[in-house]
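Letters are used for the chains, namely A, B, C and D, taken in the order the chains are written, and counting of residues starts over at 1 for each.
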Amino acid sequence: MKDTQAVRKAKEQLVLGSRILANEGIVDGLGHLSVRNPDNPNTFFQSKSISPEFMTIDDIMEIALDGTVVVGIEGEKPFGERIMHGAILDARPDLNCVFHSHPLPIIPFSVCEEMPLKPVMVYGSLFYNGFAYYDNPDVSSGTLIVSQEEGKQVAEALGDKYACLLRGHGLVTGAQNIPELVFDTILLIKNAEVQLSIEATGKQPKLSSSEEGLAFRTFIHQNALQRCWDYYVARAKKVMPDINDLTGI
Amino acid sequence: MKDTQAVRKAKEQLVLGSRILANEGIVDGLGHLSVRNPDNPNTFFQSKSISPEFMTIDDIMEIALDGTVVVGIEGEKPFGERIMHGAILDARPDLNCVFHSHPLPIIPFSVCEEMPLKPVMVYGSLFYNGFAYYDNPDVSSGTLIVSQEEGKQVAEALGDKYACLLRGHGLVTGAQNIPELVFDTILLIKNAEVQLSIEATGKQPKLSSSEEGLAFRTFIHQNALQRCWDYYVARAKKVMPDINDLTGI
Amino acid sequence: MKDTQAVRKAKEQLVLGSRILANEGIVDGLGHLSVRNPDNPNTFFQSKSISPEFMTIDDIMEIALDGTVVVGIEGEKPFGERIMHGAILDARPDLNCVFHSHPLPIIPFSVCEEMPLKPVMVYGSLFYNGFAYYDNPDVSSGTLIVSQEEGKQVAEALGDKYACLLRGHGLVTGAQNIPELVFDTILLIKNAEVQLSIEATGKQPKLSSSEEGLAFRTFIHQNALQRCWDYYVARAKKVMPDINDLTGI
Amino acid sequence: MKDTQAVRKAKEQLVLGSRILANEGIVDGLGHLSVRNPDNPNTFFQSKSISPEFMTIDDIMEIALDGTVVVGIEGEKPFGERIMHGAILDARPDLNCVFHSHPLPIIPFSVCEEMPLKPVMVYGSLFYNGFAYYDNPDVSSGTLIVSQEEGKQVAEALGDKYACLLRGHGLVTGAQNIPELVFDTILLIKNAEVQLSIEATGKQPKLSSSEEGLAFRTFIHQNALQRCWDYYVARAKKVMPDINDLTGI
């Protein structure tokens, strides 16, 4: 069965988003992106177990929200942590894509309780409603989020936020669509880099207000999002010519 | 109507400057450069809403100092913050180009009142007359500078300085010409990087004096400016072959 | 005499491992990797004295555990520190490969006694059983490990650990196979980077537990190792096309 | 007149050294390298005023130790700071090449009197006999070293050391030959990077001893120097194919 136009677009954005996040240094060999099936809100698309930098449209599986592989690939495994993606997409109908990776500038804020992540510049104010934290209560099965129970706990921890820090592990972000997720996540990491450099000086930043954040989020998403998406896509295509035939939006 | 030689040169420098600032890591998807029209001081040139890394000479609009688009491009939008460029070019007849972006090493100095940016090496002493600060008093419309009133406030904050830090937002620099602006801005960011690394140690730098700064600025602009411009241009052309036919100066 | 299939594979992995560690920024002009001969546990393979970034399969020598060159290359010298590789492979039959380099983020933890290296994220928890330290007691012959006696001292210091920090000098890591060594070492350096950024803030990280580390190590080595090895290989082949004919595993 | 073989080799090493120092991030648009004329110790070779990253063998001038241009290039200017190179080569017959640039990690140590640069790892112990400091007493003519008097003051400050920090300005290094200078300078900057990261933590490194430094310098210069030079040359040639016909040593 041939993909509908909406599904094809979702899959192309999944590839572009994965490549961009790798190209911009937000994800390395580990980490993964997912996008909800636009034709069926109860399944989502995600690549087989392969690094985002090298995934192609032929690597995409269709997965149910409980993690069951609906359309798999012969001889290939899904990501163990697809469970977490499904649990979040299940708990948050307003989100259509989820990303998880271990960007280094975010980690200190996940393990130092006295140093919460916060907006220190307009980039961070995209997350004006705050950040969520998840501290795995049972590590006997490892710190990865691979059981239904753990997936649901992360989704609960996320609540109505757009980013959740997993203690000593990494980051989960969610958004309405992939350009938004890419944009928000890249800017979040930059905000973390800046905050980390401020924390090293021991100085106190005057924070952006929630009001400012809300205003900025609204404005930026109307004006700069398309420009930045085009920029990220163009940069990725420059060094990854195999994605040249994929269309941005 | 064909561009005069002066206008053509200004537009070529606008492209080269934009590409260079992207290539040297001073601007990413957001941020923009402008240059005054050499044939009409009441208008300036700036690209349509596109990232500097990918702009071409065909993307350039002509804009009045109040932000009105004089010569636009069918179906394309100007930058919202062109208002700020116009307001500064209006208030400062000695400047012919303005740049705005959000370089990360500058941000801590914009949000930590107890940690002002200062020259800690010869690079920073290009700004021997100090730095200006702007703290947006009304963020209900977002932190971007898109209204006439805000544009004028930034221009007033800038005063007779060459660089203004916008709280939690970024940087504005101005100069007589684009090679000077590129040179000054790149060196300013390096000065900020060095100061930030010093602030993390808690040690006190022995500052460069204004006298030294003035002497350095005079000397460097006579001797090293052309060499550095050639260097930046050559580096950009190496990775962006589509600008090979543009001439440096 | 033609290499057996097992030897050929070991040599190919030695080249790939060396290239990858250079490509990922873990080793520069100095540093070296070795792998035990799968057909004879009393010898190991290592390149002649050449930087890992540029070594080829034709640069490989066979060396006895005491450092004697068994199969050399006409006119070429082995690494002085091959002694250390041999001593470790001799003392640790469970390890089949050893790596040594001077990655900058590891150095502070080797010279500051009050700041031991520790797991601050899942990456570091691969070393859940701790890190070893070696402080050269006699530097009259230089700090490099080139005598039998010094080689044995490092092996003793390593004990049952997988990583040893040499004071003011660098790092030694060991693993069962090269994909594991590459993976563990890259993640160790990232853990060190994160810990260093936390130490600069003066904040206390809540550490990962040994139990968590063990769980993570087991899990990750079953699931993510192949994915990451494929990723590292693909990245190296992209910029070093001369290794395209080597097979990963 | 055709160059003798010795002069040709010196000029080729001058190009390779300049390209390498740019390629390894030790010099940008500003900064310059020089090498003594092997056929006449009273003159030295240095490029015209051009960035090291783009200099070629045709850009080389011959200059007397007092800075007088002996063999110039029609229409081209020498570096203003050639004066400093000449003064050092005059004062130090044991040195045959001099380098000056403004590497960022070195600057904090040049402006913070309470934070002297020191060996914190074997790389820094190449400078086991210490670092010199120069604080320009008269900045009325700018901080650049362009007068005979200032050149001599820097040479005096350098004394019998191999590196001198210029307050708020940069670094001068000297060595017997260009491979040694390149190697020593790159390792010095890495030592500064590591020390800077330690200083940010407030921890005290246990320093390398002079004895250790001397031992390391002797050993490394006999064994690793050629390997590293080959490595630096190979890396530069990979991205700068126009220097492929130059021979390393």
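The rule we apply is simple: a contact is a pair of C-beta atoms (placed from the backbone, for glycine too) under 8 Å apart; a residue touches a chain by one contact, two chains touch by 3 or more.
These figures come from a predicted structure and were not determined experimentally.
> Using the contact definition given at the top, which chains are in touch with both subunit B and subunit D?
Chains touching both subunit B and subunit D: none.
> Between subunit A and subunit C, two touching copies, which fits better, same or different residues at the interface, with half of the numbers shared as the threshold?
different
> What is the chain whose Cα centroid lies farthest from the Cα centroid of subunit A?
D
> Measuring centre to centre with CA averages, how many angstrom lie between subunit B and subunit C?
Each chain reduced to its C-alpha mean, subunit B and subunit C end up 46 Å apart.
> Could you put a whole-Å number on the gap between the CA centroids of subunit C and subunit D?
Here subunit C and subunit D have centroids separated by 32 Å.
> Find every residue in subunit C that makes contact with two or more other chains and list them.
200, 202
> Considering every pair of chains, which are in touch?
Those chain pairs which touch are A-B, A-C, B-D, C-D.
> In their shared complex, at which residues does subunit C touch subunit A?
The touching residues are 119-123, 125, 190, 193-194, 197-198, 200-209, 211-212, 215-216, 218-220, 223-224, 227-228, 230-232, 234-235.
> Enumerate the contact residues on subunit D facing subunit B in the complex.
28-30, 49-51, 53-54, 80, 102, 104-105, 107-108, 110-115, 139-144, 167-170, 196, 199-200, 202
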